[in-house]
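After this come two complexes, each holding chain A, first together with chain B and then together with chain C.
Moving on to the complex of A and B:
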């Protein structure tokens, strides 16, 4: 078996000795060539995960390996673009590329200058004078010309207009297919991710809620729509094939989250295998959005439950 | 790495060069005038051993009045200007990168963070050392005719601003600023902390080198302290401690070593901050 390009085992990071945990118990394996979307609300730990993978932070618990070694020893294989793609504002574009050329042994000079020229970015312009989108493109050029095997991009689409997003994603794809690089990128723009990524990681509250190949994940989930409140009445619950039910260690299905739409309840459900929906229920494979939002909803309602629980507990003695 | 450092710091280097050149130019110019005046005094016979018989009081007083400004301007000014310069160069080294968030770019190239830090500190620090040595040589050169003309009794009052010491003090201020910047991650607070801690450390280390090194003693009943000795208020009533003229260079070297050792310790602390402070 080949070494995965990124391998996190029970990885966690705490900011400060008694500070808050940015990420906990994150186990994640990214093989070469994968395009991984990292999805989650603000403060979910996306940036912490990317910084750990880039060697900017050290794990407080667990381990992280890039191509079999600590990220700090694999810097030449990692291309990292931070959120808002910071670059030295007073340097010129070709100085920034010069820095890339001097600090990276595998630097592809032609790729860098060709790409800057194609994007119409003046090489003599100062970084501070560029638009946010142009700066993002220079930052991406820096990591593409580095010929990294693992691209780590923190909210790369945030500053780009729709046209630039398409170009950006195309470049990313191109880099992956040409060099076999894996891409791990974070985004809140769920709608745009489906076309480009083949692996999904949902983070919430510093923990991985869901991780896997998107096609497999979709096959393993159903959206089941039915009369309002069906999911709470046991009689109408969907039934799974008994064998799988046993293997799943429970009812064979697990309710992730529900939402009320137009007087009906639609639930995202994880299933072991072929699922037979009960009478009056319709089951369908979830779309990418339904999958992501379903898991983010789960986290949301979990939180509400714990909060209600705490309130009740606190009021009990009174 | 050296190209990158040159590209990132060349405007700073130009400013420091301009500043040191101006400072040294001024000192050479003052020295030229002072040595001409000393030559006149010598021609009038006012620099010889016994001047009581001649009318020398007025020209000597004139000389002292004319060159008194060199004490605040150069004796105090040179080390202060160098320290402020070094703090302004050192504080942004990590702090500005962190403020601009470009440390995220700098530390994810193929060069490890330790190499990045070491190369920056060594190359920029070496530049400032050269600036300090040049300024120290210039003050030493200036101080000669000033003492000859009687503005200061000897080169001892200039001890902390001449010869090798400015190189050490400049490097210490630089190291403190780098370290303050690495921990505070903000430029202006780092400059302030660096300058305050520099003044405190420099004063304490200077006092320590002056008083804790082997000293000579003299009794008031003896011949007294020689004119070219280094004395300080010690509170001792019978045996007055002092450093004779011959101790000047050994003490310069000692103080330089102390300053460099302090700098090394401070820089190690700065690396700790650069390595461990959350990104």
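Moving on to the complex of A and C:
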């Protein structure tokens, strides 16, 4: 087996000696060419995970490796773009590219200048004068031209209009296919992720709630709809079934979360091999949104510590 | 040639597969013809290249297309016979059904809705894993 681009084992980070944990027990393996979406509410640990992978933070527990070594020893292979693509506003575009060429031994000069020209970004313009979308493109150009094997992008799609988004994604996907780069990007918007990522990581409260290939995850879950409250009687038992039983196809199922839609109760469950829904219940594979929101709901209801707190989510797909 | 239904119960790679099958059934893709390259589909739809590659891989597994190293993906010269043989008969019965629906005053939109319901009937789910949804 080839060395994964990113390999995290039980990785965690605590801010300060007695501070709060930004992330705990995160185990994640990303092979080349994968596009991984990190999803979760604000404060879930997305940025902490990205900073650990970029070598900007050191793990307090566990380990993180990029191409088999600590991120700090692999900086030439890592391309990190922080939220809002911060670049010196007073510098000109070609100055920024010049610095990139100076600092990166594997710099692809032609790629950088061609890309900037194709996007119609004036090379003599100051960064501060560019639109948010253009600035994001310059930042992406930097990490593409350094020919990074691991692209770490914090909320790359925020503030991009649909056209800029499309151009940005095309470049990102091109890097994946041409050089086999892996991408790890965060987003708190679920829409659109389905077509962008092939691997999903749902984070909440600094922990990984769900991680896997999106098609496999969808096959391993069902949305079961039935009369209002159908799951409350059964709810105590399924949660007792260990995760492994569900994963290994022991025929068990595990309740993730429920929501009330139009007087009926709809539950997201993780299932084993085949699931036969009881009378009056209808089972179906979840849509991408149902899967993600189902896990975010789980976090929500855990927090509320109440059975009654499981009301329909505001973003619920109906 | 591809269009995506985002938020569908059907995963994207399966949507792509279904659309290739449909083009074949309708004769708009002919044996030996080339499918759009992965890059073309990626650029047109802003969709993950791994997803497109997966759809093409599965279609190849079904014997409908063949990929030629460095050239692209092509419609197989002899696609599985079941599909070709079933086509005229199926189309004839479907045409009869459409005529009957028109006679009963249904619009095209309503017929599409009915077909969508029929496709999702559990009884109709033979080898379509995504079928059988009745949310």
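In the analysis below, the second predicted complex is superposed on the first by the 287 of 318 C-alpha atoms of A that agree within 3 Å, B and C clash if a C-alpha of one lies under 4 Å from a C-alpha of the other, contacts with A are read in each partner's own complex, and residues count from 1 in each chain.
The rule we apply is simple: contacts are C-beta pairs under 8 Å (C-beta built on N, C-alpha and C of every residue); 3 or more make two chains touch, one makes a residue touch a chain.
Owing to the predicted nature of the structure, the values given are computational and were not obtained by experimental measurement.
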Partner chain(s) touched by A:100 [first = chain B, second = chain C, both, neither]: first
First (chain B), second (chain C), both or neither touched by A:285: second
Touching partner for A:78 - first (chain B), second (chain C), both, neither: first
Which of chain B and chain C A:296 touches, first, second, both or neither: neither
Touching partner for A:16 - first (chain B), second (chain C), both, neither: first
Chain B versus chain C as contact partner of A:116, first or second or both or neither: neither
Complex contact set, residues of chain C against chain A: 4, 6-9, 11-13, 38-39, 42-43, 45-51, 54, 129-130, 132-135
Of chain A, residues touching chain B in the complex: 15-16, 51, 54-57, 72, 75-76, 78-80, 82, 84, 86-89, 91, 95, 98-100, 102-106, 139, 142, 146
Chain A-touching residues of chain B, taken from the complex the two chains share: 1, 3-4, 7-8, 100-102, 104-105, 107-113, 278-279
Contacting residues of chain A [partner chain C, same complex]: 33-35, 165-166, 169-170, 173-174, 176-177, 191-192, 194-198, 214-215, 218-219, 223, 225, 266, 282, 284-289, 317
